[in-house]
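There's a structure below that I have some questions on.
Order of writing sets the labels: A, B, C and D. Residues in every chain begin at 1.
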Amino acid sequence: MEWVSGLLASEPSSSNFFTYIFISLPLLSVVLGFVTYAILAERKVLGYIQLRYGPNRTGGKFGLLQTVADVLKLLIKEDTRPKQADRPLFWLAPIIAFVPSFMVLSAIPFTESVVFANFGVGLLYFIAVSGLTTIGILTAGWASNNKYALMGGMRSAAQMISYEIPLLMSLVGVVLFSGSMNLIEIVEQQQYVPYILVQPIGFIIFVIAATAELNRIPFDLPEAESELIAGYHVEYSGFRFAFFMLAEYVYLFAMSALITVLFLGGWQPIPGLGFIPDFVWFAIKFSIVVYMFMWIRATWPRLRADQLMEFGWKILLPAAMANIFLSAIVKELFF
Amino acid sequence: MTEEQDHQSNQNQEKDTVDPKAKDNIEEAKEQPADNPLNEESPEKITTPSDQQSSTKKERSTDTKSEPSPTEQSQTEKSKSDKPKSEHTKRPRKKHTKKDQPPEKKEPSPNQPILDHYVKIINKNLSKDAIDDAFVNRSSKELPTIVATPKYYFSIAKLLRDHEELQFHFLSDIHGIDYESHMEIYAYLYSMSRNQSVALKVKLDRENPAISSLAPLWKGASWPENEAYDLLGISFENHPDLKRILLGEDWEGYPLRKDYEPYDVEV
Amino acid sequence: MIRTEEMLLNVGPQHPSTHGVFRLVVKVDGEIIKEATPVIGYLHRGTEKLAEDLQYTQIIPYTDRMDYLSAMTNNYVICHAVETLMDLEVPERAEYLRIIAMELGRIASHLVWYGTYLMDIGTTSPFLYAFREREMIINLLNELCGARLTFNYMRIGGVKWDAPEGWIDKVREFIPYMREQLDGYHEFVTGNEIFLNRVKGVGQYTQEEAIQYSLSGANLRCTGIAYDLRKAEPYSIYHRFEFDIPVGETGDAWARYQCRMAEMAESLKILEQAVEQFPEDGKIMGKVPRIIKPPKGEVYVRIESPRGEIGCYIASEGKKTPYRLKFRRPSFYNLQILPKLLEGENMANLIAILGGVDIVLGEVDG
Amino acid sequence: MKGLAKGLAYTIRNMSKENVSYSYPDEPMPMPDRFRGIQKFYPEKCIVCNQCVNICPTDCIQLTGKKHPDPNRKGKIIETYDINFEICILCDLCTEVCPTEAIVMTNNFELADYSRDEHFKDLRWLDENDTHIREEN
């Protein structure tokens, strides 16, 4: 990736601009491909757990083109906007929600070589940028001028504030052990022992907080289709709605990738199975994490807003703090 | 001939007969518990204080004991039907009925003494003319039915609920009926502690049907009374929130009235 | 000090969790409900008015459409009312068929409640599992009477169809299967901590309040009052079966959940006994006059439907059509307590409370 | 935590179970014999007794009869017979009262159409509707 660094250092020119676009296109298509098939996979997994087929019409027996058809439909749908909506914000909200979800992807190392930006503080960057999406959701809830949407937006903001802190704190243990915030370095540190074994409490806290960040069951309160109908995006349709949907699943992608990197040892193979290429290892671990999210969604009910807050502040936060202390002691004594 | 018909034909006679008897009734009321058939079921049920808390507890204990098996029930019914014979002479109404239609009803209803007991209690506690009419509705599972005078309707309902020998705590149903000559309210009360039911009726003027609401006694009566208001146009006094509950405020007319003309623009 | 403003929120008529067309105008402060006003009548079809122009047999299909989740009990209540009024005898075999059909219907109705309630709480899978079993019941009833929802099975004085060949055996096989699935439901949901947190202490009321509001069914029994008309005033041949009345203690949504789950098990007990006692042969129609003309008089009967006490009042003038027909619809009565329960509750609890009351809008609006 | 784990175990066990979906439009849905679908009408059996019209709770049946063409025979034969399927509730009462079983139920239930007018079924349509006729009546 020498030439990429060279490119970054070179002077801006129109040819550079196109080069950037060309090298980011594969990533974009990988991500979009993932999103397409993650939605399908989720529907299929839910289907099989619930004793039905899931999509099985469009694109053969397995409904392989179902999401493509859905997206096409969303694209050609009429773009509706409530009369009383705050027009500029309504227009802006999907973009605010969507753009950070792609920005965080640049920090994630998929294999040792496939990495787009090797930040020194990749971890911090990821968490900071991903927090921006909530602003988009809040904006959407406000701008729609719909009471349900407003409630969804408020819930989302409250949820983000309560869960961002344990999310970050649960990572302090990992940082303590690896001594770095660079994601590549963190993976390299896990060559023999993945951090899930070293930091089990941290892992659990992180997964819980990540679920809340992703607005997925059991923490899907901003959407809560049985209470708030669809929460913050109730007034969105067509392509704007697709943006929210896309953001949601890109985050699922990013968060699963981050969990893989931080706790499951990224592309590191299980010792003795090193002949399997590293990106396959990454994909396997990543898929397990994604599946886990879907499995949870098929099983658990939703928490109530006040219970969510209580859980976040009274259980998750103290546990995360205790984890930091514990990690520090363990680190001091044994490493 | 059904009960109701022969009953109405006897109404005048009844009024005549009840009044002179009323004095006796009051006197008898004191000794009534002794030969009251209800006493057979367990005297403690009757003497339960009428305050809600203890009575509901009682309900629970009696109900969980499981109901009497059918054989037991028929026994109690038999013994109930034995009783009225001794009381027979006290009820001239029945006697007349028999004379008018001798083959129709061979024996009085097993629930007749129960009804008599209710009537006595009401007469004693309220007024002699609180009850317009009282009969056992034989076609409705021998249901004791009390027809209240509009003036005493609310107080009878209150008495039925609160009196310790009555304890009709549960309001099962309340609705209105439009007989073309008058309107009627039909309320079905049930006593969980005594496993007895009673129907309370009241006849209303059809031109201007109004009656005091039972909602202050039973909150559960609120919507059904709204329904009666909505569909029959009976207005309830002291109702907390009288509104057209099913049809909407702009509906014209009262559909369940017999003279209702449906108005539909499209037809 | 932050100034907050109350806002009016229309929950429904189109809302996924109102289970029909039901509107609830709530005044909320943030997510706390200050006041709730139910608005009903969107599904009012005037069954009682229509019935005044219909013969008694013709009313039966209309009752199917009131509480469409347990149409069998609705069929039964009107037949029972007319039979009581006319003093008709129903043959034993018909009674058994009625009871088997009604208890199957009760399980099916509770299954729908179980599935949709958990859907309200936020998980989708139990709904599908419950509907798998419900589908089996519906298929059984379909074989029996030729419809999946609007059965129109009972007739005054008996039932329309005899059990088809092998049907009783199918019911017999279904009972152990359903028991096993019920255990599965308990394993899946009953111990789930999130679920427990959502329902425990939610929508709580006392025995006195329950009676005050004329609640019936599981809504009343959840407070600890063992009041079930199948025991209190045994109709049909319920006195022949041994079963318990499940009662709760706390009077909250959790107790209601437990009651309903236990009721399914009790219904299976009744089914088991009914299938065992099922007479070898016999008539399915009693001696009924060709034209049904009940004598002049009035009758009120009530039976236990899955949602509570369903009653039927008929005032007859001795004609082919009823003079006045009135259904005591349990959902209509049960729904009255809702504004009281919702006061001061969280928005999320609104759904948990409304779902726990278990209403069917077709019945609420009549 | 135990309950949550139990739930997860329950769902993963169900994942390997065979699903219970009907493949309805691909495979026809078999209905039991008693199923109440749209009626089949036998004009030759009808004696124009009007009982089905009288019993219909929604008044969706209309019929007219005419004199028997053979002057030697008494009675009437059917001329028109219409069922308005917009309001028919398939309650089965018409087939129940029919003394000659001239009207019977079939298992056909696929009645969706693009126009309401097509739901007005006349004698000819009902006569030609002769598949899946119910055996037991």
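Just so we're on the same page, contacts are C-beta pairs under 8 Å (C-beta built on N, C-alpha and C of every residue); 3 or more make two chains touch, one makes a residue touch a chain.
Labels paired with UniProt names: A = NADH-quinone oxidoreductase subunit H; B = NAD(P)H dehydrogenase subunit J; C = NADH-quinone oxidoreductase subunit D; D = NADH-quinone oxidoreductase subunit I.
Keep in mind that what you see is a predicted model, and the values were worked out from it rather than measured.
Top-ranked chain pair, ordered by C-beta pairs in contact, is B-C. Of all chains displayed, C has the C-alpha centre closest to the centre of the whole protein C-alpha set. We define each chain's centre as the mean of its Cα atoms; on that basis subunit A and subunit B are separated by 67 Å.
Each chain gets one centre point, the mean of its Cα atoms, and the points for subunit B and subunit C are 27 Å apart.
Note on chain placement: the centre of subunit B and the centre of subunit D lie 46 Å apart, centres being C-alpha means.
One finds 53 Å separating the Cα centroids of subunit A and subunit D.
Those residues of subunit C in touch with two or more other chains are numbered 125, 129, 132, 188, 192, 194-195. Under the contact definition stated at the top, the residues of subunit A that touch 2 or more other chains are 49-52, 298-300.
Across the interface of their complex, subunit A is touched by residues 4, 7-8, 10-12, 14-15, 17-21 of subunit D. By the touch criterion given at the top, residues 40-41, 44, 46, 48-49, 84-85, 87, 207-208, 211-215, 224-227, 231-234, 239, 245, 247, 295-302, 309, 311, 313, 315, 323-324, 326, 328, 332-333, 335-337, 365-366 of subunit C touch subunit B in their complex. Chain contact summary for the complex, subunit D toward subunit C: residues 1-4, 6-7, 10-11, 14, 20, 31-36, 55-57, 89-93, 96, 105, 134, 136. Interface of subunit C with subunit D (complex): residues 54-55, 57-62, 125, 129, 132, 135, 139, 142-147, 150, 152, 160-161, 164, 184, 187-196. Taken together, the subunit A residues at the contact with subunit D in this complex read 45, 47-53, 295-296, 298-300.
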